[in-house]
Amino acid sequence: MTLHEARRLRRVLIANRGEIAVRLVRGCREEGLQTVAVHSDADALAPHVMLADAAARIGAAPSAESYLSVEKLIAAAKRTGADAVHPGYGFLAENADFARAVEEAGLVFIGPPAGAIETMGDKTKARAAMIAAGVPVIPGTGAVSSVSEAAEGAARIGYPVMLKAVAGGGGKGMHVAENRSELEALFERAAKEARTAFGDERVFVERFLHDPRHIEIQLLSDGERTVHLGERDCSIQRRHQKLIEEAPAAAIDDDLRRSMGEIAVRAAEAVGYSGAGTVEFMVEGGEFFFLEMNTRLQVEHPVTECVTGVDLVREQLRIAAGRPLLDGRDPPQPRGHAIECRINAEDPVSGFLPSAGPIHHLEIPSGPGIRWDGGIRPGFDVGLHYDSLLGKLIVHAPDRSSAVRRMRGALESLVIVGPETTIPFHLAVMEEEDYRANDISIRYVDDHPELLKRAAGELPEVAVSAAVLLAARARRPDRGAGTRRRGDFQRAGPGLPAWVTAGGVWR
Amino acid sequence: MTLHEARRLRRVLIANRGEIAVRLVRGCREEGLQTVAVHSDADALAPHVMLADAAARIGAAPSAESYLSVEKLIAAAKRTGADAVHPGYGFLAENADFARAVEEAGLVFIGPPAGAIETMGDKTKARAAMIAAGVPVIPGTGAVSSVSEAAEGAARIGYPVMLKAVAGGGGKGMHVAENRSELEALFERAAKEARTAFGDERVFVERFLHDPRHIEIQLLSDGERTVHLGERDCSIQRRHQKLIEEAPAAAIDDDLRRSMGEIAVRAAEAVGYSGAGTVEFMVEGGEFFFLEMNTRLQVEHPVTECVTGVDLVREQLRIAAGRPLLDGRDPPQPRGHAIECRINAEDPVSGFLPSAGPIHHLEIPSGPGIRWDGGIRPGFDVGLHYDSLLGKLIVHAPDRSSAVRRMRGALESLVIVGPETTIPFHLAVMEEEDYRANDISIRYVDDHPELLKRAAGELPEVAVSAAVLLAARARRPDRGAGTRRRGDFQRAGPGLPAWVTAGGVWR
Amino acid sequence: MKYHAEAGGQHYEAEKTGAGVRLNGVDHEVDAVWFSDDEVRIAVDGRSYRVFVRPLEAGWQLNVLGRNFDVSIEEARARSVRQRAGSRAGEGGQHEVRAPMPGLVVRVLAKEGQRVGAGDGLVVIEAMKMENEIRASGSGTVDGIKVGPGDVVERDEILIALRPEASGAEEAR
Amino acid sequence: MKYHAEAGGQHYEAEKTGAGVRLNGVDHEVDAVWFSDDEVRIAVDGRSYRVFVRPLEAGWQLNVLGRNFDVSIEEARARSVRQRAGSRAGEGGQHEVRAPMPGLVVRVLAKEGQRVGAGDGLVVIEAMKMENEIRASGSGTVDGIKVGPGDVVERDEILIALRPEASGAEEAR
């Protein structure tokens, strides 16, 4: 993109679905841009289709035939007269070929240059580029072929270390050694396991982080100027899937914050970045290490928007139109505290199993400091083709403890009758002491198995009690719709008898 | 209240109904306080009752028998073990006797001292107190008994002036004179009209403001320190009822802003104020004049909350508990721009006639920077006993023009099937050029009669067209629920044919 | 298929055409996507709207951009049959001024036998803490006052009977 | 009035009492305010909850604090009549491992005739871009594999037939 070469966008094709497509339709409209939704056959009646100015069917339900089809998306953009494409997140958002195809079709790709996507999308290239740019990465060796070579590496890196299979991934074939003798005892076993599991016995040594936080820096670049908008703490994860994100990260001090921000800007500049992006770090004991850079809008971008007052989609659109970021102003300081809970169609009580089916009833919380970025509507059928994110509940409050209380109230007011969701998990977290004390790490969910039991609780008996009342009511039609038994409220006179709220509210 | 004498509140009775009662229940809960809702017979199933921890019936539907009954409210507080009372706005919020009765019953009144309410509630006393404190009031004379006395006063005050009946009010018997000869021509007529209309021929002279803005300053005082949280522009009014409020007031410069803030603080200190309060001014041509002080939370408090990040209800509760305001910090600078539209059950197309009946369907907008403070739920029957405010739609965006566009989108997504509301009026304002250019005054609604015509528009034909499709559909049951005619979307191939949005969106 | 429809006091002769709808002789291009039984996105002459639908006894309540329209509609054939069979109701030399909303009568401004002109206030009704002056929409003579201060009236209840001028005043509203 | 209820795989003997509800012999104080047909505020033993109600064929779906419960309920009398009349279904020496949700079978981990213990993975189903391992809840012998990789399965479709140990393993879930 030529820097600051103003070009007028008119119509943006949103190459995505779900809550982010809804968010982008709204964001484009506020910037005076028309929007084209695309949809698979499963999404013909989805909210993003309802809201956009135009809609184009792009194929059958499976992603490969619709949202992942570069040709179909380009064809839809041409057909509907779009002059720009916003990829959202997921799907083709970090696909350099898609970015190139969009530009080659004469359309504006609302995202970074393809080259930056490519570099950051390749783990090895990214690590090399970051090391060259002076960005700290997790210390590690190359493949080691003997115990002594491993021990030498470990001594340089510092214990505890991890022995990892070169061909491994996804947490398999990893062994933690706290000192040299443990390392020596583990080496043969690690190599053997690596051979068995991956057919490649090579292992390497890497610094082990006990209970790091996942903290990431939001960046904006217009190609001339790169700024950071502070950080987010996304430590509450399960199987590398973020569940709760916050801004700012209350655990780090201003020095660390400044240092991480500067390094993140350096990382982006090293790859010629422009647009919105995020540099993810692991943080432990005052140290931080580059994890990866996400070359797109993040799911959790709203918490940054809440505390900075910056609209990241608006900035993306303006940068794509060749205008300077933040209208040339300096990034604002964060104000207050924001938390986001991902509301997934997964049942936390049954090990987060996916849950599908129609949304029978939907009630969205409202009031001060509450935001809902949703991708569902009553009657919409949640299928199994795409990821399980139904929407994001975000709160903003003057400080973290107020934000936690506000989130609890908002979660209680978010009603989704239909598939099971992660709401009970989030409710349990908001009441859990370590979370409230901000004593968390990426191991939080594993370390708190009782959360899922708490999410189960006494609720089945409440449901059965309600069913008994309903059955009794059904026998007496005079107590039908909307009637109310007198005296329900203050049965026992003074004080607050049965009616004092306790259910999840007062303990 | 003894200053900063910490006292622990546990349970707050909310002496109100509607959206503000809902807001207060939420605010109390977030501060760890239990809530007691009160309700008349008309409100037994109202949202504030549903949400509170306990509810007490206080009487029949008419306000005089319920929400305005001091004895019933105090009795309910005693009965439910409340230790504090929040009056909200309206009803008894500015009734000094109520404040006194609450304190005499040993409960905390969450509001200013009764004396401050009393002084500010009496127009003559308030004007005298403000003049004594050096707060500018609209220049005027006492009763004048002759043309020459009137002319003398007018010369001192400066033209244009208004001749007003001493016994008048509500805009009746007012005559504007641009110069001395006009004044002389009008004097006899004004005196005669005053005698006819009010049985009192006395008139006085007051400075006439052509097209002033209504701008007000939000104050907080904990009894030791009084601070202001910037201003709100509430110029969009109809018959002295505010319809749209914004913060900050983009029309005034920093000097004027600072000066108004300092004067407002002085006004509050002059009457020994504590708690949250608002000083209202008329502003014209760089001058400002005291109008009145509202000794309570305002309907429009959310716009200040949005731009400052301060939660005013939380501050009220903390001040009442003897804690220092803003945790002792300085008030923050405003960030971005916020707009509030009052959604009233009034039909703007029929001269804002009240409209009642059940809420059949309710869809609340969501997404970035959108807040809904509502007092209705589906199935709730909007009656005629209380004021017409159903809820408030508030947006917050980086600047005023973004906020206007965001509000337009939010209004389009706010669906209330049931009574007529002011939504069409607000939609018309958001598209009107003077409003967009911030060229407004308290005469805006009178000056723009075409707004109401615009609110009518082509919509009846759209409704009839939809009914024709429904009637045709009803004849063919195979095209029943949820079906979709193929090809609806892109009928004419490339470009955006019938499906290009225009309805209130693109022009 | 031809229909007769009423909305907001207006009468429409309507017809479903191939490309859309004809209303009082004017063709409109209409295109629609039904997102559910009670929600449709409809494009009329290239402008598009979200419409929410609630069934009424003889039609639908339709919500468009914040306004609610009660549309009654029937097939032209059915209507003409009904009209031939039915009686002509609501005729006579009087016009009735009715309450546009329920409320409390606080003042009656008109007097029996008084001649009133368009815009003259007749009755003041209070509802939702607001006073609403009910005015004459045409000129005529007050021929009967049906309510007094303190009365609670329902919507469409008769407030005043008015004998219109020979020129044919409209019904006051 | 006595009822039999099922919720979340649990059986409840329930009875409406004067002060509330008796569940499996334990008395609970229950108080309720119906805000509409589909929304109730219910207090159970002094703790209160908002419950949303959706009618099902033989009971209700009830939403409480984010969880959805399908509760089937019938009067005890009706049930005993039905039980005497009906046949005993679903018996036999096999347990069936069923799909807890719809999805795509990506791998079958169990082998015909294999002995499995509680917690052993049997089948991997993909849905919403996540792989979910379906595990045995008790020990037994695989007695029939009903699906293969690439199959699309519905919720509750049988995946594996398992012959339980003599000790009486529970149904895998």
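Structure notes:
Chains here go by letter, A, B, C and D, matching the order in which they are written, and residues are numbered from 1 within each.
Here, a residue touches a chain if its C-beta (ideal position, glycine included) is under 8 Å from a C-beta of that chain, and two chains touch if they have at least 3 such contacts.
As the structure is a prediction and not an experimental result, all values here were calculated from the model.
Among the remaining chains, D is positioned farthest from subunit B, on the basis of C-alpha centroids. Between the interfaces A-D and B-D, more contacting C-beta pairs are found at A-D.
The distance from the centre of subunit B to the centre of subunit C, each centre being the mean of the chain's C-alpha atoms, comes to 31 Å. Mean C-alpha positions place subunit C and subunit D at a centre distance of 55 Å. One simple way to say how far apart two chains are is to compare their mean CA positions; for subunit B and subunit D this gives 52 Å. Residues of subunit C in contact with at least two other chains: 35-36, 48, 50.
Shared contact sites, meaning residues of subunit A that touch two or more other chains, fall at 45, 53, 379, 482, 484, 489, 499-501, 505.
Residue ranges on subunit A touching subunit D, taken from their complex, read 345-346, 349-356, 360-361, 363, 384, 386-388, 411-412, 414-421, 423-424, 426-427, 455, 458-473, 475, 480-485, 488-489, 491, 497-505. Interface residues of subunit D facing subunit A in the complex, by the touch rule stated above, are 1, 3, 5, 7-8, 10, 12, 14-16, 20-21, 23, 28-38, 40, 42-44, 46-54, 59-69, 71, 73, 75, 100-104, 127-130, 132. Subunit A makes touch with subunit B in their complex at residues 11, 22-23, 26-27, 29-32, 34, 36, 44-45, 52-57, 78-81, 302, 305, 309-311, 313-314, 332, 335-336, 364, 366-374, 379, 396-398, 402, 405-406, 409, 482, 484, 489-490, 493-496, 499-501, 505-506.
For subunit A in complex with subunit C, the residues that touch the partner chain are 45, 50, 53, 377-379.
On the subunit C side of its complex with subunit A, the touching residues are 35-36, 39, 41, 48, 50.
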